[in-house]
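Report on the following structure.
Chain naming follows the written order as A, B, C, D, E and F, and within any one chain the residues start at number 1.
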Amino acid sequence: MKKVAIVMRKAPYGSVYSAEGYRSIMGLGVFEMDVAVAFVDDGVYVLLKGQNPAKLDMKPLGDGFPMLSDFDVKQFYVHAESLAERGLTADDLVMGVEVLDSAGISAALAGCDVVLPF
Amino acid sequence: MLFMINKTPTQYGNLASALRIAAKGQPILLYEDGVYAAMSGAQSEALLQAALADHPVYALEADLEARGLTRLVPGVQVIGYDGFVELVEQHNVAPWI
Amino acid sequence: MKIGVLIMEGPYQHQAVDSAYHFAKAALARGHEIAGIFLYTDGVNNANKFIRPPGERNVNGMLDELGALGIPVIACSACARFRGLQKDMVSANIRASGLGSLAEFITAADRFVTFGD
Amino acid sequence: MKIGVLIMEGPYQHQAVDSAYHFAKAALARGHEIAGIFLYTDGVNNANKFIRPPGERNVNGMLDELGALGIPVIACSACARFRGLQKDMVSANIRASGLGSLAEFITAADRFVTFGD
Amino acid sequence: MKKVAIVMRKAPYGSVYSAEGYRSIMGLGVFEMDVAVAFVDDGVYVLLKGQNPAKLDMKPLGDGFPMLSDFDVKQFYVHAESLAERGLTADDLVMGVEVLDSAGISAALAGCDVVLPF
Amino acid sequence: MLFMINKTPTQYGNLASALRIAAKGQPILLYEDGVYAAMSGAQSEALLQAALADHPVYALEADLEARGLTRLVPGVQVIGYDGFVELVEQHNVAPWI
């Protein structure tokens, strides 16, 4: 079974990347694939609590992530330094995640066959 | 001249670049992903404090709300699209995109 | 006041066209006139009338709505050729034309705002 | 070796599709098989057969050429709906399909390379 | 007559922006418009000598700029700090330009009605 | 894992980010606008020297030539698309785009 890492490094709403990253997790999750999701750099903003893009007539993104476990996606890694630089802690995020240092993220990626960047 | 910033200060040089070019007193508008610069407690707050020392700084409410940003650096003025238009009434525009 | 608008990114990929739309609506609400909206580079892709986003905002519909109000919404014809946007794909209230339209909007406008990446 | 390719940006706006093409050609020249090329988000716009760049490389032609070699070149059907790319606009050697094709390419490939912005 | 500043801040070839900035200078230059061009940040790379994108099957960009004077575009400003940060001097550029510090670029922009970013 | 960088180091954080995550010995490929990081004499050279201390660093020839880049930091290995493919043969890929 292929191990796929979805690496989110971009902020949501300004571009489509994070929304499509989410859709690809669901899309690939239904196939026989071992999917891990890593949030690095501006990608940590994707998990921020309280997103409400109603005034932009867009769909909220963050709240969908806790539901991904229904698609058997259960490995969520957040880069500790990226969080800290942005003045954030794990409490600011929509779900419980594994907070890893750079070496931890590196090791998680090294265990994957494919990295899809969003 | 109104400087418009639509990128995060953490992965993009747009805000830092605008601050080099903008003359004292010229306003800065944070919109789209640029609003992340308004968050307090981030390392980029130093950049925003430098901005506030010399410029009025505005952040677009719809973009803040979309991204769930509530803890803002004091001094940043939150405005709606109507406020955005009001700034454009008063200034020529330099989109620093 | 007359305000001109330039859009340089396409539908859904970037927020540029959304920001331009909300800005234009707010400008109209404050009593301003939009001198014209010029769609440049990937911006021309917003003119495509076949855009059919299931359950989401229709970006083409939003620009076409502004065109229906009488605002000139012009897609750069050279950029359209580069991107395969043919005349019969352009929605009813948007037209294709050259950079002359951009020059015209700049000339007519008191202020000019660009949205892009 | 089997190599899969993902393209996330459209024609001319970014270099992504050009890089993907030159990479794929070099991979073929080294005796590899391209498991498939998946066009995602704005990448679907490269499938448009009406792309007619006056005096420049034709990005659609480049991808279609790879398709003509028997490489599956697939445009994401949901992204195509969001961008107004209809079935009859897609060039002869490219097809629209769902994320299942991306999953298939990933499964088949020994290596997988993404080009985007 | 409207004064328009084309501000180039992006590197060439990676995206279409600088090429379209060039085309817009020509396109607007033929109309009754006073066009100035400023190169700031990665935009200074647009003027680098010796560009040759033949292997990418693209058209070279830098060499076109000296010809813009035929379209009555004669105000070219380059940001000194952006050049210096990149280890470049005016000798590395395809044409003679006015090298200005930040205050100079700021003043040049302040004298314009419209800024078009590329 | 091959880290692929397609943005300039002067306006984008991609290279700096990759250097935090990449393990010692993992190769870095500069391509598209990423090749500007290979220029000697730029302020960003410090970042590239840090990269070279821990990683093999490659730059794509077609992208260097397109942009007119000739004064490269010693140690950067210039490769063609065939060399790019060779790197992909040897490593899984992390596009740090």
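The criterion applied here is as follows: contacts are C-beta pairs under 8 Å (C-beta built on N, C-alpha and C of every residue); 3 or more make two chains touch, one makes a residue touch a chain.
None of these values were measured; they are calculated from a predicted model.
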Q: Chains touching chain C and chain D alike, please list them.
A: A, E
(Q) If I average the CA coordinates per chain, which chain comes out farthest from chain F? (A) C
Q. Count the touching C-beta pairs: is D-E or E-F ahead?
A. E-F
**Q.** Centre-to-centre distance between chain C and chain B (centres being mean Cα positions), rounded to whole Å
**A.** 24
(Q) Need the CA-centroid distance for the pair chain B / chain D, whole Å please. (A) 38
Q: Could you list the positions in chain D whose residues touch two or more of the other chains?
A: 12-13, 15, 22, 41-42, 56, 78, 112, 114, 116-117
(Q) Multi-chain contacts only, two chains or more: what residues does chain F have there? (A) 6, 10-11, 13, 17, 32-33, 62, 92-93, 95, 97
Q. When you check chain E against every other chain, which residues touch at least two of them?
A. 9, 13-16, 41, 56, 58, 113-115, 117
Q) What are all the chain pairs that meet the touch criterion? A) A-B, A-C, A-D, A-F, B-C, B-E, B-F, C-D, C-E, D-E, D-F, E-F
Q. Once bound in the complex, which stretches of chain E touch chain D?
A. 13-16, 56-59
(Q) Looking at the complex, which residues from chain B come into contact with chain F? (A) 10-14, 17
Q: Within their complex, state which residues of chain D touch chain C.
A: 9-13, 41-42, 45, 48-54, 56, 60, 78, 81-86, 89
Q | In the complex, chain F residues that touch chain A | A | 1, 13, 17, 20-23, 92-97
Q.
Help me check something: in the complex, which residues belonging to chain F touch chain E?
A. 6-8, 10-11, 32-33, 36, 39-45, 61-63, 65-71
